[in-house]
Structure formats: C-alpha cells, structure tokens
C-alpha cells in the first residue's frame, strides 16, 4: 500500500473532477483528503488529493495523463523528505527555529547545508551536525559572489528548496531564474508595505499599529514574488523600531517555518504571481 | 440556467466523489465551487458543491439519490432568502448589527419578526419596519412563557432559523427540541470557558488575557451545542469586567452575524455535536 | 465632585510627573488612571490622567500652567458629549455601526448631521432622526463642491470631529487644513499598503493572505495621515476581490468606531505624523 | 550612572505618584519609562518605573521606604541576568525555543540546568553546553521523585525562576509552595478551558474553532494559577486532535517565551490570583 499526493493544474472545463476521481476509483484508491479550487476569472482549476492504495506511481500518472487535457499539469508525488539548503546572514531566530523543528523530526526535509556570507551562525549550525559553508562577499562583486554560491549549491544533488532565513543580500536575476519557484524568503514586513531595507524602521516612521512578516517565493522584483504566508502582531506608540524588530522576530520565524512546511507537503500551487494553498 | 447548492452527508466509501461528479457531468453542470471533507475517525464524508446549469432541482436530487448509498443525506437547494426570527432581550449591538446588514441587503434573509421579553428594543426594530413582539415573562413560569413564544413563532410560516441575539433566558428542552439545529445563539465567552451567567465577570475574576465570543447551535445542555464560529480579543489587567463586556460586544456581534451568514448560505453540516463548515 | 481628563504634551525634562502629580495632590484629587509615555528619540513627554475631586477646571488648568514649562500643551477637559458630523457616500456598514452605537448610548457624541454626495443613505439616517444633507457633486468642480460642504459644516456650532465613514471622495488641502486633526477617515486597507483607489482589488492582484483597515487622521497626503487604529483578517486564494471587500467591511466598521471612541474619550495625542494612544 | 527598575505595590491613597516621583526628582533621576495601574475595586496601586542616574540602589530604596506607607511593597532592581532552571519531559519545541533565544542573547537569563524525568532531550541540551539532569520517576512515588528534584534544584544557588517547558507531571503542593510565584508553566489550552490532561483531545471533542496556550504561575490548584500570557490560533473541522497538537506547539512556545521574558524584565505583579503586567 502506498500513499501519493496528486496535484492537478488545468484550464477549467466540465468533468475534470469526475475524470480524476474516476481514475482513483478505477485503481480502488482511498481518497484521504481532497481540495479543489476554481479561479473563474482566470478559468483555472486546481486540485490536490491524497490517495492511498495499491498502485504504481508511474501507472497512476499515466492514467491521469491519458484522460486529462494535454496542457494539464499533473504531479504524482510519493511523500518523502525533500532536500533543502538554508541561506542566512547573522540573525539566529529564523534559522534556529528550522533547526529545532528539523531536530524534532517535524519537517519532511534533509538540511543539506547552511550557506552564509558571514560565519556568525557557524557554531549554532555545527551543534546540529549540519554543514555550514561561509562564502564571504567581502572584496567580491555581487556576481562573483553569487557564482561561488551557485557553484556551492550545484555541488549538492536534488536540491528541492532554498530557504532564505534572513539572508540579507539581494539576489541577482540570474540566481533567481536558476531556482525559479524554489526559493522561499521571509520578508520582515507585511508586504507590500515596506518593501526593501529596514522595514521596521519604515514601519516605525509611519506610525503603524500593526507589524508583520511575509513568506514568499522569490522572483526578480524585490519582495514582489508570490506570497505564501503572512502574519501580524499589534504594536503601539511605546515601540521603538528596535522593539518592533525584536518582537517581529517571533512572527518572522513562525511564518517562514509555516511556509516551508507547506512547500514540503506539496500544498502550494503558483500562478499569476500568486499562490493557491491547500 | 439555475444555480444550486448540493450538500452530501454520507458514510465514507470509495467512489463517492466520482459518483456525485458523474451526475453533475451527465447534466452538463458547471461546478462553481466544491468542498469535501473526510472524517476518517468517524468514517464520514461531507461535500458541498455549487453547480450552475440547465437542470431541474428535483431531477438532480433524484439522480443523486439513485446513485448514492441509501443512508446518504442529500440536499439540493436553490439559493433564496431564508426566513428568520430574532429573539433578543435588552442589548442593542447584536440585533443592531443584523438589522443594518439586512437593510444593506447583505443577508439572504427575511426577518419575520423580533421577539423579546422586554420592550427596550422596540423603537429600534420599528425603525426598520420589522414586527416587534413583546412577550413578557413577568408573572409567568418558564414553561408558560415559552408556550407563548412557541405559539407566536408557530404563527409564522417556514421559519428557517431562530437567532438568539443576546436573548438572556435559558430555553427549555421542549423549545430546543422543537427547533433542533435551527437555533443559533451567541454566547459571550470563548466556550467552553465560562459557561453560564455573566461570563465577563467570570473572565475578569480568573484574570484572563483574552476574551471571546462563540456562536453555536443550541442543544439541551446549556452552552454546549455545536460551535459554528469563535473569535477573541486581547485584554489586560486594566480591564474591569464592564470594560470587557463593552469591548466584547464588538466580537459578539461580528461572530453572530458571521455564523448567521454561514447558515443562510447552507455552509454548515452538524454531526457529533460539531460543525463542518465549507 | 467633578471628573476631569488632563492631557500634558511637553518636551521631556526631569520632574514633570512630580510637578503634575504635585498639583493633583495639592487639590486633594484622586487619580483614577494615569498613563505616561516618554519618546526618548524626540525628547517628548505625554501624560493623560483622569482625576476626580472637588476643583474648578480653570483653576486646575492655571495651577498646571504655572508650574509646567511654558511651551507645554495642557488640556483639562470635562467629559461630555462631543459634536460630530459624519460624511458618507453609499456604503451602509460603517455609518450603520456608528448609528447603532449612538442609539445604544455607547458614544460620547452628538451626531449633528450626516452629509453625503448621494442620497442612498438618507432613509437609513432618517430612521434615527438625524439630519441627512445631500450635497451632490454632479456638475460641480471639486472646489465648488467642497465649498458647499464647508458652508454646510460651518452652519453647525462647535464641531469637534468630522468622521469619514467611507466618504469616497478626496478632500482638498483647503478642506483638510480647515479641520486639522479633526477629520477621522477609514481606509479599507492595511496602510501603507494599497494607498488610493480600490485597495481590495490591489490586494487581490498582489495575492496577499491578510487584508486590513486603517483609521487615521486626514492630512494633505492621501492616506498618509497619523494612524489611530488598524486591524486585519486572514483571507486565502478562494477570495475574489469582492469577497475581500465584503469581509473587509467588518474590519472597517470596527476600526472606525474604535478610533472614533478613542477620539471622543480624549485618548489620542498627535505628533510627528503619529499618534500616542492611552 | 546606573539604571534601576523600581516596583511599587501599595494600597491606593492620594499622593503616591507624587511621593515616588518626588524621590526620583530629589536624586536627579531620569524616568525612562513609567507605568501605573489603580485597581479601584481592590484599592490597590501598582507602579513600575525605569530610572537612570547616579544613585545607590540601597539609598534609593531607603528613601522610598521612608516616604511610602509601611505596608508598601518596594523593590529596586538592577537589571542583570537571572538564574533559571528549566524542567521538561520529551517535547522539544518549547525548550528548543528558549535554548535558541538564550544562544542568541535575547534572554536576561543564565540557564543553570535542564531537569527532566526522561533523557529524550539530553542530546539537544548538551549541544548548548547546558547541564542536563535526568531524574527518572520510574519506580518512585510522587513524593520521593519530587524530593530528588527539590534536592537537585537546591544544589543551585539563587534560582530566580523554574520554567516548566512542557513538564508533563503534576507538582505536589509542597513543591509549589517551596517556589511560590517562581514557577512558570505553559498549559496547552486557552485556560480556563480544558484544564488537565490532553487539552487538544478535549478541544477536538468539543469542536472548538480556536485553540490556544496559556503561560501562568503555578499554584496548588491544577492549571489555576495567575495567568501571564495567552495566545490563540484558528482551527477548523479538518483538524484532528493531533493536527491541533502540532499547530498548537507554535503558540505554546511563543507564549511561554513571552511570559519568561516578562518575568526576567520584572514586568509582572501578582495579586488576587491575577497578574498586572507593565
């Protein structure tokens, strides 16, 4: 008996649910959970099923491919640990949260390595017997520095996601394109408010009463990629921007870990610079 | 072209989704939205679809009945205004919120009448040209008083829901059984904390840092019916219980109106003293 | 025995609390509540006390003035109903929420009139025996239209606050300057995200997972005045922008009413385009 | 120049603020922040000031003692790291969150040791060079087991707080009395709902739409001590109790760490089984 996650991404038309569920039925599969969404404006159909039964992954995929329209995205995934690389700079909270979850067995992930432009976090990461790789940017132009990082990442096989756990440098288009929809970032504001540098300072200057954090896939427009998860906390006049920064860390780490978990469980569809999350 | 809401409540077995979607497909219906839930522990299956097309309600229902297991709950509902009766006592906020939404055309509902044991709210209700019926409990025992209310409600045809908008008297089992799963109450606490009288006083005495409100269907155990919606707000030591009561009103009215809306849109299944909400 | 609210707004220096509390003590006043805030960055001091006792307002103010630095803002306010004018356009929820609270006696306010550029809300307002004044903008340039509104408002005496309960037109600098720090607006987004027109559409297009509302004083930069209160709600991919708009109304009305209540209770200090709220 | 936290806990009477601020003024101290609360019902006065200047701690305390009523609680505290002992059982999230914060230098605390009745968490704790002490309860009655723990704790000097980071055994009255108002527990429900064992299972069975966590001081009535902090998250029908448990961990750890931080910063007054938090 196997359990599979089936992801369908199609242009909407009548009968899609019937066709997919018909294939499941023909293989005598149990539907453990099933989520659908029709975006009527864009005529798009999304479906995520978890099925359980005695069937071969390739066969199941072939049967779905045979019956569904030709331009349909079809994924049949066997749940297993995905490979991730974490990038960080100096702050400990977001990275630490992932490390503890990993240690507790909460994440369907192997952490292949932590890559940083500084070595501040080395001693923390090494406690957990995870490779820590420092690639300093000092004395290097952005492109040379990134080349070294890409080279480093390419040294690992089957990297599923790159997690930016407060990696404080802007990535070049080349980097982003290389790992399209594979890079998850945490931005320390409630996007699209306060794009760019020091969002807590911006928030403080604006006098907001709520601050937040946003986990998103990275694309080539700074902080404008598809949003995966957001969360907020209330602040008041007594918060200086460093207080906001301090309190904001709790939201940042929770939101990033939540987004990572959604990705690892294959719950995210990306389209039109947005996400559908089941 | 008609639009219907289809509600399926079955014991789970393989092929249910396929059968239901097969019927939809055979009638050339468009699935506008589709939600399913399998409760594996209780082996239950729930489905709510909104379909659009050229079909007769009775025919569609018959086709579903023919193909689904005999003990399946099947409802095919044409969206239209439901009839509600509101019961209240003296407080204005929850009733007022419903009246304004009704006036704004936000609710799929006709308010047949507001029934109260006091006449404090009469002038408010009459502004909106809605019948206000005072049935005082003074000098009456509980049963006699309720008989008069039941008699009054029975004078209206096709009452779909009775909404207790801060009706501050306990209903007898007889009343509750008469309108099973039709009575929606707002309790001014985060149930199951602070069952019974003056929950804000109880919350204050306990020194909680969060207060809440709970909308639920009424059953024969006080404040223990199936929960529909809950919401909370933060408080601190500076809140006396009257401050909690004052601030709590905002949550109470929003939660009650939200629950009412879910009921009016046929989004709630009740089973095992719980709700499934799509 | 009288109760007063005392508001102190000063440049910070040692001894301010001691001086103010010394005056209270000398008049044998009871301090019912006391809040202070020192903004160290800007060297500012804010204090709000509620005191109770047998003293004359003018005398108390004079004693405070005598002892505090000359450039200190000192207000001694006797709690009483403030006069407000509400401006609205066509939407009922925010206006309706204020009307119900007013009817319930929850607000320390007299509603002098509701002014609108349309007459859609006339029948609602008239239910509550409050003057409704339609000043159509049709065929008028912005300035001429506003002149008529200003003229109308000037016809009322002692207007303390103008509440924009979804008034959907931009005010000119002249209007704003005339009523500086007296105009409270509700913007239907989590500012500073989605400034300007149709923020829900903007939020939908951006694919956010949280939407919000912001109550703020109006200044001459659109949606950039001092923020009084903000609140948010979670949304997901299934929300079209009209769903966001519908759900957002609950937040809008609660936030606007909350901000209005803070203003009526003299709990807001404005400085540096921010608010201090006690 | 020194910075002190001054905590005043008195029966309310006129002139308290004036007296305290008078002492500060006489020593030429800067008031960095100042919070007061009068509980009129219980005639209690609480004040927390942070002052900065050139003064001796004992002198300042003596001056306050001389001028304030004799039964007033007066503490003058120099900010420095407090000593804490953490107790845990098998779950990693709450302990891990504190370890990471400690490692990041976020906490004003020395972790003297982690004590557990199992050794599951030993390898985690040892990564951080913190003593891990296993005191198994197997084969011991409750009292004998606790004696060993008390003996162990007594082996450390100046223990300020004992943090129960999901320590899953009930403490005896003797233990609780020994460390009155020094034991901080995290209960995995929104108290007072779901006191006792497996609150997530209780919450699931009740069909709640919100779950929560509560940090509180421990007293001799199970889960009924003074509440320090609470937080909640929304759930729906699709959450089994293990899903609630999983999602609840994020709230548990954040709330416990928040409560610990408040304690370490001397921001909590306890009275009448409640807390005042500045």
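We just call them A, B, C and D in the order they show up, numbering each chain from 1.
Here, a contact is a pair of C-beta atoms (placed from the backbone, for glycine too) under 8 Å apart; a residue touches a chain by one contact, two chains touch by 3 or more.
Here the structure is a predicted model, which means the values were calculated and not measured.
Novice: In terms of C-beta pairs in contact, which of C-D and A-C ranks higher?
Specialist: Answer by contact count: A-C.
Novice: Counting only Cα atoms for the centres, state how far chain C is from chain D in Å.
Specialist: Roughly 38 Å separates the two chain centres.
Novice: Between chain A and chain C, what is the gap in Å from one C-alpha centre to the other?
Specialist: 40
Novice: On chain B, where are the residues touching two or more other chains?
Specialist: Residue numbers touching two or more other chains: 33, 37, 238.
Novice: What pattern do the touching chains form: line, ring, star, complete or other?
Specialist: Chain contacts: complete, every pair touches.
Novice: Touching chain C in the complex: which residues of chain D?
Specialist: Interface residues on chain D, with respect to chain C: 14-15, 17-18, 21-22, 24-25, 28-38, 40, 234.
Novice: Help me check something: in the complex, which residues belonging to chain D touch chain A?
Specialist: That would be residues 33, 91-93, 96-97, 99-101, 103-104, 106, 124, 127-128, 238, 246, 250, 254, 257-258 of chain D.
Novice: Sort out for me which residues of chain A touch chain C in the complex.
Specialist: Chain A reaches chain C through residues 37, 39, 41, 190-194, 206-210, 212, 226-232, 236-238, 240, 272-277.
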